[in-house]
Structures are given as C-alpha cells and as structure tokens.
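Next come two complexes, and both contain subunit A; in the first it sits with subunit B, in the second with subunit C.
== the complex of A and B ==
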C-alpha cells in the first residue's frame, strides 16, 4: 500500500503510464490487504472487550487470504509487488479459480459474522453510544478513513481521486451515521464485503497485456510527484522529489494514524476506564506509524534540528568507528 | 441421619482432596471447551496442574512491604478450602453441624475481601481500580447469592445445606426454586470471574487488576482458589437445585454429582465464550435487577409456591 503510493508518486513525477493489467493487479492486491487488515482489526477489537471468540474466528477467516497472497506474491504480508512502472509479477490464470474460491468463502463468513454481531445485545451495550465522535468533530479534526466514514463523512480516496483500476472497477463508499464504536465496526465489516466484490470484478475485467512498462531513459531530477492511496486505516499520501542517479531527492509519507489519534480525546472525554481501550482501538491505530524523532539536549532542554550535511557526517562517523 | 466422627473426618478429607486436586482438571475441561468454540486445539486437559506447579516453584517477588500483601493469597485460598467441609459434594456436608449458609457466605466474602486487600496493598494503580471493581461486584453479587439461598432455606425450613438438599430431593421443582436457581446461576458466573462478568481482572483494560503484582506462589494460590470455587459453587448448585437422582450408594452419588458439575461448568463455559465483557456499571445495574428477581423468588417461597 505504501509501495503503491510511492510508485504512483514517482510515476506521476516522471509521466510513466502503467499498463492496464498492472493497475488491475495493484487494485486486487490493495483490496486483499484491506480484507486482511480489517479482519485483523475486528479480532483485536473483539479481544479488547474480552470477546476472544471474535478474535479467533476473524483471524481464522483472515488466514486463507494470507495464503493466497503468499501464492501470488511469495509473501504473506508486505507483498513487495510494486515497482516503478507496474508490478513485479503477473497473477497467473491457474490461481484465478482459487482466488475466487477464497473470496467466496471470505464473503460468506464475513456476512455470517455481521449477522452474529448484529444480534448480540451484550456487544451493543459495550459499543453503542460509546466513544462518540460527532460528524462536525470528525470534519474539524480532519479524521480519515473508516473512522470518519463511521461519523457520516463520505471520504474515500478511491472515489475522490481514483487511482490504479478503481475508475473501472468502481467503489462504493460505506458510510454509517452512528458516530460510535459500533458504526466503526459495521463500516469495516461492510468494507470487507465491498472489497471482495471489487476483487472479483477486477479479476473479471482484467485485460491481457504486460504488467510493467520498461523504463529505458533515466527519470529527470527535480520533478515533483504527489500520490494518495486509500489504506485500510485511512488515506496515505506520498510526496516525492526526484533526484540524481534515479534516486529520490525528498520523500515524505503521511500515514493516517497520527491524524486519527487527534480524535481520541473527544471520544474518551467523560467515559470510564473500561471504555478507553476500545475507543482507542476503534481507530485501528498503528503506533509505529506515529513515531517521530526529536533530539533534545537533556541539560539545556534545547531542541536541535539536523541538516542533511550534519546527518551525513554523523552516519559517516558512526560507520568509520566500526 | 448424623455422621459418626469417623465418617465426618473421612468425608472432610475427601471433600478437601476433591476441591484441591480435582478442581484444576475441571478448569482444563473448560479451557478445552473454549478452545473448541474458538476453532483452536487448546492446551492439554492437565495444563492447569502444570501452570500451578510452575508458579509454585517460582521465586516469590513482593511489590510492597505490607504483611497483608504477603498473606492475602494464603488467607483467600484457606477460606475457600475451609468452605469445602461445609458444602455438599455428592453427599451431605461432612461437618454440617459446624456451618450453614451463613458461615458459607462469610467464608466466600472473606476470600473476596482478601483479593481486594491483596490488590490495595500491592500499591499498583491498576490493582486499585481492580480492587474497587471487586468491591462493587461483591456488594451487588453477594446479596443475590444470599437471597437465593435464603429462599431455599425458607422452603426447606433449615439453613443447613444437608437439610436443604434432602428437602429438594424429596420434592418437585416449584416456581420460586426455578427463579432463584436462575439468579444463583448468574451470581455463580460472576463469582467465578467468567465473562461477561470478568470485570475485576479485565486483562485488556487493567491488566488482571488486583493480581497484577501477584507472581509465583501467590498467583498460583489465587488461581487455585478460583479453580476450587468453580467446583464448590457448582457442587452447591447441583446439590440444592438438581439433587436427583439420589441413590443409596455413596460413590455412585459422587459420580453423578461430578457429571452434573461438569454439565453446569460447560454451560458456564458457553456463557463465557459467547459474551464480551460488561462494564462494571452495566454489571451492577444487571445485578441490581437480579436482586429484585431473587426477592420475587423469595416472596414466592414465603407464600409457599
């Protein structure tokens, strides 16, 4: 997903046209990633409120998706399929029936989970009217992805700024207006069902042809590319300035969690300790995405900003010592 | 029929051994059941024994200088073991002259208070929250147990488990008994810290609450206390609500009781596995309603239906 965003940014900077089949394969892989991410989240959300049955069952559903990813790309997660100009491998014809079969099973089982949790009154007691994030707050704090869509904000990069094969495949924006944790659960489950639909359609509509375009001339330095991808947790933006020797001169990635975390204080205001973990968990937070580095002199409390030259010198010193 | 001294001592020893040695096996059974519903293989059925042995062999690390912290686990465990000799497990209670339902309530409250004190004296903020929750739960769950047992005592005309058991075995179930059986069952689920009332420990929220600083032997004793409670509470439940069939043979009675205990614990396990955890305020509201339901049961018992 980040690799798609990066490659798209470079492709935009260098005006590279990705072949249609490559775009379709990117869409299929992005949606496979969304399915496994949402199933992972559903399990963890269940675990947070002590409902381990949901954890075990949704991870069981997730597992065949990981296996099919491994079959297509060689990796369960972090698929490593994207290259600037297209994708590394084709999805061979022999895998299509198995992929469709896995999707059918996921569809059936996710619908069963939706039915099961929709009738669970104890679950309602924990999730409904808890962790409220009103529509106006979701807009003013610029929250992203399923978190904002559960508060009635129809925001989805796949529709607003279509990329890969989304113009052809289409995408239904799932919006709930409950503004609570329950809505976030429903949005994610329904998105999983929508993802299954998208993968099936993409597989059906996928044209023949090459999956990657050969880039024979070097990419000019100093060109700017910005690209956005709808990640499972919200939108991801990548900004690239191309540099010398076909390397990026600047690269900035923005993941959605840092933005989404700004909504937590509103969600937990006035709630009990028992509701804090699930309110925080309902964002699907990725804490590693929020890490920032700041160097502070402990004695003086002064914050230092390093320049590129200083960083280079520091790393040279570090390696010359070894 | 009174027991002779020899019978009393023999039965007491048997009950204590059952509670200490058999209870972890029942826990293992529940774990296996939960694993089945989770589509897991689950740990071997004797895993709780291994857990206890491992924990008992570990270093005893203390987080506070308080004596109460050191001995709370032993006192909680001892209180439950003493309960074993005044409750019916397959036969009438071994020391029935020594204790009735009032002593029983005192002993289980003592163990709950020890959990609280162990938490408060361990000087961890998570344990403080856990102990506060335990106190709220005890205050709302124990009235349900007391009222339910008193309703049975009113019908049987005696506060002793033996007499209550004999009365129930001789009659058919009545409306009041069905009501209080229901409320007592829910109270047992809460007493055993099973979901949806696994509020005191709540490992995802407050990291096991009062037990966060408990390690090694202390944790083992607290765990063992919960296993023992599982057997004791379910034995009481089956003895006073489903005593049938009563055979003249002691071992057969014991076997039938244990089968019924397993069935009851399977039901508790199913409730555990299909529910998320309630918040403490929701649980308290729930049991506040249950207090009224059990009072209705008591009223029916008083008018004789």
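== the complex of A and C ==
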C-alpha cells in the first residue's frame, strides 16, 4: 500500500505509464491487503471489548487471504510486489480459480459474522452510542478513512482521485451515519464485502499484456511527484523529489493514523475509562506510523523540536564518545 | 440476543481447530515461490555487482582487492524482497524457503565469498572473474551467431542462450 503510493509518486514525477495489467494487479493486491487489515482489526476490536470469539473467527477467515497473498507474491504480509513502472510478478491463470474460491469463502463467512453480530445486544452495549464522533467534528478535524465514513463523511481516495485500476473497477463508498463505534465496525465489515466484489471484477476485467514497463533511461533528478492511496485506515500521501543516482532526494509519507488520532479526545470526552481502549482502538491506530518526536523539559515545560542538523550533530557526538 | 449467540456458536462449532502446535510440532509449509533467506552459489557468480546495485537496504558489499573480489552479504538487514535473485544474470542467487532465521549472533546470517580474478596475459592486470571470461563467446561464435556487445559480462545475457538452442 505504501509501496504503491511511493511508486505512483515516482511514476508521476518521471511521467512513466504503468501497463494496464500491472494496474489491475496493484488493485487486486491493495484490496487483498484491505481485507486482511479489516479482518485483523475486527479481531483486535473484539479482543479489546472482551469478545474473543470474534477474534478467533475473523483471524481464521483472514488466514486463507494471507496464504493466497503468499502464493501470488512470495510473502504473507510484506508483499514486495511494486516496482517503479509496474509489478514484479504476474497473477498466472492457474491461481485465478483458487483466488476466486478464497474470495467466495471470505464473502460468505464475513456475511455470516455480520449476520450473527448484528443482533447481539451484549455487543451493542459496548459499541452503540459509545465514542461518539459527530459529523461536524469529523469534518472539522479532517478525519480520514472508515473513521470519518462512519460519521457520514463520504470521503474515499479511490473515488475522489482514482488510481491504479479503480476507474475501471469502480468502488462503492460505504457510509454509515451512526457516528459511534458500532458504525465503524459495520463500515469495515461492509468494506470487506465490497473489496471481495472489486477483486472478482478486477480479475474478470484484467487485460493481457506486460505487467511492468522497462525503464531505459535514468529518471531526471529534481522532479516532484505526489500520490495518494486509500489505505485500510484512511488516506496515505507520498511526496517524492527525485535525486541523483536513481535514488530519492526527499521523500515524505503521511500515514492516516496521526490525523485520525486528533479525533480521540472528542470521542472519549465524558465517557467512562473502560470505553477509552475501544474508542482509541476503533481508529485502527498504527502507532509506528505516528512517530514524531518533540522533547519537553520537565522543569520548565519548554517544548523543543530538533532539526535534522541538530540530530546529526547529536548522533555524531554520541558515536564519537564511544 | 440468544439468537445471535446461537448463530455465533454455530460459526464456532462448524469450523474445526486450525492452529498448529508450532514450534513444538511441524508448522505449515511455505508455498512455492516463497521469498525466504537468499543463498549464493559462488561457483556461478561473475561478480557483476547487479545485486548490490538493486538491493534496497544496500546490504551487499563488494570490495575490489586486486587479485580477488570480496563479496559480503550482511543479511541481518535483509528485507526478503528477493530483488537480487530477480536480477542475477547467472542465477547465482537463489531464494530458499528458509524463514526461521532467528539467532542470538547476527554474524550467523552473513555470507562472504571471495572470487579470484584472472590476469590479463598482455598487461598483467587483474580484471575479471573466471566465470565471466568463460561466458565470453569466442570470435568464431560471435561471427556465427551475431552476438551483440557480448565482449563484456554486462552484455552476457544473450550468451546464456547457448545451451538452450
């Protein structure tokens, strides 16, 4: 997902056109990632509220998706399929029936889970009218992805700024207006079902041809590219300035979690302490994506943010002492 | 509520246990094409440096020591992207299905190889590995098959077709 965003940014900077089959394979892999991410989140959310049955079952549903990813790309999670100019491996015809079979099974089982939990009153007690994020707050804090779509904001990069094969495959934006944690659960489960539909359509519509374009001449330094991808948690933006030696001069990625975390204070205001973990967990937070550092002097309360030069200087001092 | 609980119970009981007692028993087998730890065959390597050029974590180091070329694969930083295996023109780098690489000494993962360079008969300088020289077609072959740019190993991919035809 990040690799797609990065490759798209470089492709935009260098005016490289990806072959159609490569774009379709990218879409299929992005949606496979979305399915496994949403299933993982559903399990974690169930675990947080002490409903471990859903953890066991959603992770069991997720596992065949990981296996098919391994079969297509060579790894379960870090797919490593994207290169600037396309994808590395094709999805051969022999894998198509198995992929469709896995998708059918995921579709059936996710629908069964949605059917089972959608009348579970014990679950409602923990999820409904908890962690309320009103529509106006979601807009004013610019929240992203399923978090905002559960508050009635129809925001989806796949529709707003289509990339890869989404113009052809299409995408239905799932919007719920419940504004609570239950809506976020429903949005994610319905998105999983929608992803299954997209993968099936993309497989059917996938044209023949090369999956990667050969880049003959080096990419000029100093070109700028920006690209956006709808990650399972929200929008991901990548900004690239190309540099010498076919390496990036500057690269900035913005992951959605940092943006979404701004909504947590509103969600938890006035709630009981026991509801804080699930309110925070309902964003699907990835804290490694939010690594920002500022130092606070405990005595004076002064906040300092280090520049790149200062950090380099500090690390040089540190290693010269050793 | 009881209806929902009943449906949940049906889902649970209709699916048998899927977890394996790994690591106390055998785990699931990895699929074909799995990108595990890389393995280097020094008898095939021509020291062209293509792998070092594409490695995203820059963990392949090549030292030119005159009469021999030393190659170091510092695999504790490996991200298992297998780009090196993709670009290797001689198939010297292969991905294995080995993924249990945890160790308490990271040097266990290092691979080092030394390739002896041949010396030019005219000027006496060391210039190329034996494998690479073997792959340069002789003049007669060049004339017969019209190899283009096969005088150096970078042009060598055309040469590999020798066995196939």
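Everything that follows uses one rule, which is that the second predicted complex is superposed on the first by the 292 of 322 C-alpha atoms of A that agree within 3 Å, B and C clash if a C-alpha of one lies under 4 Å from a C-alpha of the other, contacts with A are read in each partner's own complex, and residues count from 1 in each chain.
One rule holds in what follows: a residue touches a chain if its C-beta (ideal position, glycine included) is under 8 Å from a C-beta of that chain, and two chains touch if they have at least 3 such contacts.
The shown structure was predicted, so the numbers you read here are calculated from the model rather than taken from an experiment.
Of the two partner chains placed by the overlay, neither subunit B nor subunit C lies in contact with A:250. Of the two partner chains, subunit B is the only one that A:273 touches; subunit C does not reach it.
Looking at the shared chain after the overlay, A:126 reaches subunit B, while subunit C stays out of its contact range.
Of the two partner chains, subunit B is the only one that A:49 touches; subunit C does not reach it. Within the superposed three-chain model, A:115 lies in touch with subunit C and out of touch with subunit B [touch as defined at top].
In the superposition on chain A, A:74 makes contact with subunit C only, while subunit B stays out of contact range. Once chain A of one complex is fitted onto chain A of the other, the partner contacts of A:161 are absent, as it touches neither subunit B nor subunit C.
Contacts of A:60 after superposition on the shared chain: both subunit B and subunit C are touched. In the superposition on chain A, the residues of subunit A contacted by subunit B and by subunit C overlap at 53, 56-57, 60, 120, 122-123.
Interface residues of subunit A, counted against subunit C in their complex, comprise 53, 56-57, 60, 63, 67, 70-71, 74-75, 78, 80, 88-89, 109, 112-113, 115-123. Touching subunit B in their complex are the following residues of subunit A: 46-53, 55-57, 60, 120, 122-123, 125-126, 272-277. Within the complex, the subunit C residues that touch subunit A are 1, 3-5, 7-8, 11-12, 15, 18, 30-35, 79-82, 86, 95. Remark: subunit B residues 34, 37-40, 129, 195-196, 198-199, 202, 204-206, 273-282 touch subunit A in the complex.
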